[in-house]
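Below: a set of structures, written as structure tokens.
Two complexes follow with subunit A in common, the first pairing it with subunit B and the second with subunit C.
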Partner chain A sequence: MTPLLSIQDLALEFNTFDGSYKAIDHVNLDLMPGETIGLVGETGCGKSVLTRAAFGLVPTPPANITSGSVKFEGREILNLSPAEQRAMRGRDVAMIFQDPMTFINPVFKVGTQLVDAVRAQRRGQVSKTEARDIALAMLDKVHLPNPVRQFESYPHQLSGGMRQRVLIAMALMAEPKLLIADEPTTALDVTIQAQILDLIAELVEDMGISLIMISHDLGVVAQNCGRVAVMYSGQIVEDAPVKQIFDAPCHPYTKGLLGAVPHPLHASEGLKEIPGTLPNLYRPPTGCRFADRCTHATAACSVKRVEQITVADDHRVTCTLFADQHVDA
Partner chain B sequence: MLTLNNLCVHFPTKNGLVRAVDDISLTLHPGEILGLVGESGSGKSTVGKATLRLLDVTSGNIVLDGEDVTHATGSGLKPLRTKAQMIFQDPHSSLNPRMTVGRIVAEPLVIHTKIRGHRLTETTAKILDRVGLPSQFLHRYPHELSGGQKQRVAIARALTVDPDMLILDEPTSALDVSVQAQILEFLKELHAERPRMTSLFISHNLAVVRYLCHRIAVMYLGKIVEEGPVAAVFSNPCHPYTKALLSAVPLPQAEQNDSRIRLEGDLPSPVNPPTGCAFHPRCQVAVAGKCDVEPPNWVDLGNARARCHLIEEQAE
Partner chain C sequence: MGQLILRRLVFMVFMLIGLMAIVFAISNIAPGDPARLAAGPDATNEMVEQIRVERGLDKPLVSRFVVYLTNLATGDFGTSLHTKRAVFDDLARYFPATLELVVLSISFAVLLGVPLGMLGAVFQNKVPDQTIRFIAVSGVALPMFWLGLMLQWYLSLEWDLFPLGGRLGIMTPRPENITGMYTVDALIQGDFRAFREAFWHLVLPSLALSLPALASIIRVNRAEMLETLNKDYILNAQAQGIGPFRVVSAYALKNAILPTLAIIGLRFGWMLGGTVLVESVFDFPGVGLYATKAAVNSDFDPIVAVTLVLGASFMLVNLIIDLAYALLDPRVRSQI
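This part shows the complex of A and B:
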């Protein structure tokens, strides 16, 4: 089966006054049709930049894609003209973001914006009344209470959870093949977060959409994704099915991340801190980027670039400790 | 250490009276960490601010270390500040960007003590060392620090006057998990070192409360609905809201809980709260004719207590 999205060897740097900041370092990621993948990592690890760069949403300059290819349904995206990329975004690929208020225009009614979105997505081939029907049907699908009334509301009149529902409706009206959800529930309370996560899971399954869910919360990813990719300072350090990430993590950073969060329901013995701070990406280390903070690091870790090692079927880890456990997938 | 008796904080707005905190009673014993949890708008931060008299109290009283501080004003508040200090959510906005770390941390000493000159610098350096920051930081400005370092500076500033009571208002929610772990471990250590240190830990993150606190109080729309030791409340929640809140948390593990309770709708407006039990419009076990009419009373459940008609009935 050909992957829906295939990112190969993607590297990106930002040119700044202080030099070039190597934000994404030769990342490989494949996403099969219908697959749901969670991208986790801490602030500044490159999880948002990676997905945005793949779809031409990072302005160049200042960014500079130094190597790699991104294929969507077998078609190379990075060589497309801006107009062609734009045509693909919104129709084949949709995104939702952390703070819905930033992505809805506060001076237009919700309905007006939804109608505009439908007509843009369908190249003006639908009339305003048809667009209205499509939008209302979608609002119903995202379980927005009282859609006809909300159609006439301004964004500030809706609660955070309702705004996120509107944004999800807007993203999914074009029936995209891929939904990228960038921290969709970080700004919401837990009970509302639970509602939105359930809604995303329901729609993704019903409409057969692939999902990339970006989050810093391991719980959110565990609940909604089949596979997890852990990012650390511009690299994917571990990529495995959700069960393996939680039950048998390999990379010391994944273990560190899991050890640093207290369990919500049980008493935890003591949290394991990850010592040290993130490496300087203007001058990234030649070897493993986590070596300085890693308790298992040996001299060999800092010598040369660590390659991704396949330790089991569909389980890849970027760590020298597993060099002898390589299996051919 | 701290007692809140029937505390009410109301804000008059042009849309009507907002009952941000409505008749709350809490007791914190010396050495205890109480977690105050609830969703945004439930009034948990207002409780914290009112306790330190950063907000005026509408009715009820606050007794800190045996002293009624409800109506203290002006210079009368000064002794209160050496007993209780607050740490805020966003260290970026709680530190003055135009002051060096040294000046920020020294300021409470300048206000409350007669320490000056090089002894002031020494004391400040010692406090910074206590929170794990080297003395080079004395001359840095907040923008030169990371989020975790800034929060350490905020904690250092609070500790300068040697308070027995800390009010922590979401101290880790702006931080990454690995940094959050460092701050939580530090707070735990601090409590182990100083047996009289008492904390009110305000958070929406249940996992953090489970980890750090001894007792938990759950707030909904300005009222406490359940209170008890963390182990008891987390393993056996009584109030339907607490149950829903606990089952809404996504677990960091591969197997998720199937039998989850899903709340519908949003938190109602505190201007016009529902009649009877404030939770009844979202409650899945609410009894019509009872829950929507009468406000429930506290039911004593041994060391815990909850406020729900159904528990009242069971108890009888």
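This part shows the complex of A and C:
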């Protein structure tokens, strides 16, 4: 089966005044139709940049994609013209973002923005009235109370949860094949978080959409995703089914992340932090980017680039500790 | 909304009285005896004293101010010494000319400045941006009167494209007086020849008057556009596949124009002051030239009246700007 999205060997750097910042380092990621994958990692590890760059949403310059390919349904999309990329966005790939307060335009009515989005997604094939009907139907689907009234409202008249529902509606109106949810609940308070996550799960299942859920919250990912890819400093260090990640994590960084999650029953034990800080990506280490902070690091780790190793069926790790456990999947 | 306008208009009256008090005080502190000036060089001391009493100049400053305000309320702005006419009639003649000039200048500055600022932001640091920046920096750096002289020298004297000064050619019949603005009056009467000529006379002084405003509108709007184009809601619009033209000219511009509006209001005030220079250079009979002649002749009533009229115009324009804010930004609208 062709993967819906196949990112191969993607590398990206930002050319800045201080030099080139190697934000994404030769990343591989495949997503099958209908699959839900969680992309986890700490702030600044390249989760958002990876997904945005794949669909032409990172301005070049300052960014520069130095190698790799991104295929959507088997078609290379990195070398598409800006207009062709635009045609894909919205229609095939939808995105919802972190902060509903800042991702919705403050000076246009909610309805205007929804109608604009529908018409853009359907390449102007629908009239304004049809677009309005589609948008209203979708607002109903995201359980926004009083859709007709909210249609005439301005964003500042809506609460954070309502705005995120509007943005979800905006993203899913075109019935895309892939939804990228970029920390969709980080800016919301906890009760609303649960509602929004349930809503996304419900819609993704109903509409049969593939999902990439970007998060730094392992709990969120465990609940919503079938597979997890752990990112560190612009690399995917471990990529496995969700059960595998939680039951048998391989990469020391993944273990570190799991150790930093508070345990509901043993809160008094305190959290284990990962010592050290992120590597300087203007001059990244030649070997493993995590070696400096890793308790298992050996001399071999810093010598040369560490290759991805398949340790079990659908479970890949980028770590020298597993060099001898390679299995052919 | 209506209530806001009413409140602001009432507030404006108080601001104008404040403005009057300052101008009235300054013109009375200034050296020179208005009674002796009015009486003429050959008058005896008795005649000067008589005039002083007649005009109430012997009374204390405060009571003279009250009398002045009462006269203003009845439309009596005093009499001009150098034109020998009622100041009110002079203003009725000269103010429409200035209004015509300033409205054309600010329209030119806004209609050109906003799109140029937008273009500069879209093509940041590329050739169009560099070119626009050159225009903007020149606009800020060149003094208005010098620019006016250069425009006269090249576009009028050397190449004979535009008239040198004034409002209409000497031989052209004046359009019948309706608003006092020749272009408007000519249009109302369907006299396109007079319209064209009046407009042609406005071009050079408007250019000179609008360039500094144009320059700062370009700079501010470019900076605001750059900031807005980096906002999250722009990324979201792009992620929906909305086209670049709509993203820039609607989603970004409607946000970026708000701070630019403040500059437009401010620049309008500078422009009113600039008419004094530009009207002198182009011998354009508006209130600026009128005020210059009055100042040279120690003729205080016209100066005070011109200050009042220009001050009121500035306040009105800023009221309009505030209303425009409310019109464009729903968050402002919900607060009033």
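By definition in this document, the second predicted complex is superposed on the first by the 324 of 329 C-alpha atoms of A that agree within 3 Å, B and C clash if a C-alpha of one lies under 4 Å from a C-alpha of the other, contacts with A are read in each partner's own complex, and residues count from 1 in each chain.
Here is the rule we use: a residue touches a chain if its C-beta (ideal position, glycine included) is under 8 Å from a C-beta of that chain, and two chains touch if they have at least 3 such contacts.
Small disclaimer: the values here were computed from a predicted structure and weren't measured.
Novice: Is the arrangement of subunit B and subunit C around the shared subunit A a clash or a fit after superposition?
Specialist: Once both complexes are aligned on subunit A, subunit B and subunit C fit side by side.
Novice: Contact-wise, after the overlay, does A:193 reach subunit B, subunit C, both or neither (first, second, both, neither)?
Specialist: First partner only.
Novice: Counting residues of subunit A touched by each partner, does subunit B or subunit C come out ahead?
Specialist: When the residues of subunit A touched by each partner are counted, B comes out ahead.
Novice: Mind working out whether A:256 is in touch with subunit B, subunit C, both or neither, as first, second, both or neither?
Specialist: Once the two structures are laid over each other on A, A:256 reaches subunit B alone.
Novice: Figure out whether A:247 sits in contact with subunit B (first) or subunit C (second), or with both, or with neither.
Specialist: first
Novice: Classify the contacts of A:161 with the two partner chains as first (subunit B alone), second (subunit C alone), both, or neither.
Specialist: So A:161 only meets subunit B here.
Novice: Examine A:125 and indicate which partner it touches, taking first as subunit B and second as subunit C; both and neither are also allowed.
Specialist: neither
Novice: So after the superposition, what angle do subunit B and subunit C open up at subunit A's Cα centre, nearest 10 degrees?
Specialist: About 80 degrees, rounded to the nearest 10.
Novice: Quick one: classify A:216 as touching subunit B (first), subunit C (second), both or neither.
Specialist: first
Novice: For A:277 in the superposed arrangement: first (subunit B), second (subunit C), both or neither?
Specialist: first
Novice: If you stack the two complexes on chain A, which partner ends up touching A:116: first (subunit B), second (subunit C), both, or neither?
Specialist: Touch status of A:116: second partner only.
Novice: Between subunit B and subunit C, what minimal C-alpha to C-alpha distance in angstrom results from the superposition?
Specialist: In the combined three-chain model, subunit B comes within 11 Å of subunit C at the C-alpha level.
Novice: Which residues, counting only subunit C, touch subunit A once they are in their complex?
Specialist: Residues 231-233, 235-244, 246, 250-251, 254-255, 328-331, 334 of subunit C touch subunit A in their complex.
Novice: Tell me, which parts of subunit A touch subunit C in their complex?
Specialist: Touch list, subunit A to subunit C: 55, 57, 82, 86-91, 94-95, 97, 99, 102-109, 113, 116-117, 120-121, 154, 156-157, 167, 170-171.
Novice: Given the complex with subunit A, which residues does subunit B contribute to the contact?
Specialist: Those in contact with subunit A are residues 39-40, 146, 176-178, 180-182, 184-185, 204, 206-208, 210-212, 231, 234-235, 244-246, 248-254, 256, 260, 262-267.
Novice: Given the complex with subunit B, which residues does subunit A contribute to the contact?
Specialist: 42-43, 145, 159, 161-162, 189-195, 197-198, 216-220, 222-223, 242-243, 245-247, 256-268, 270-274, 277
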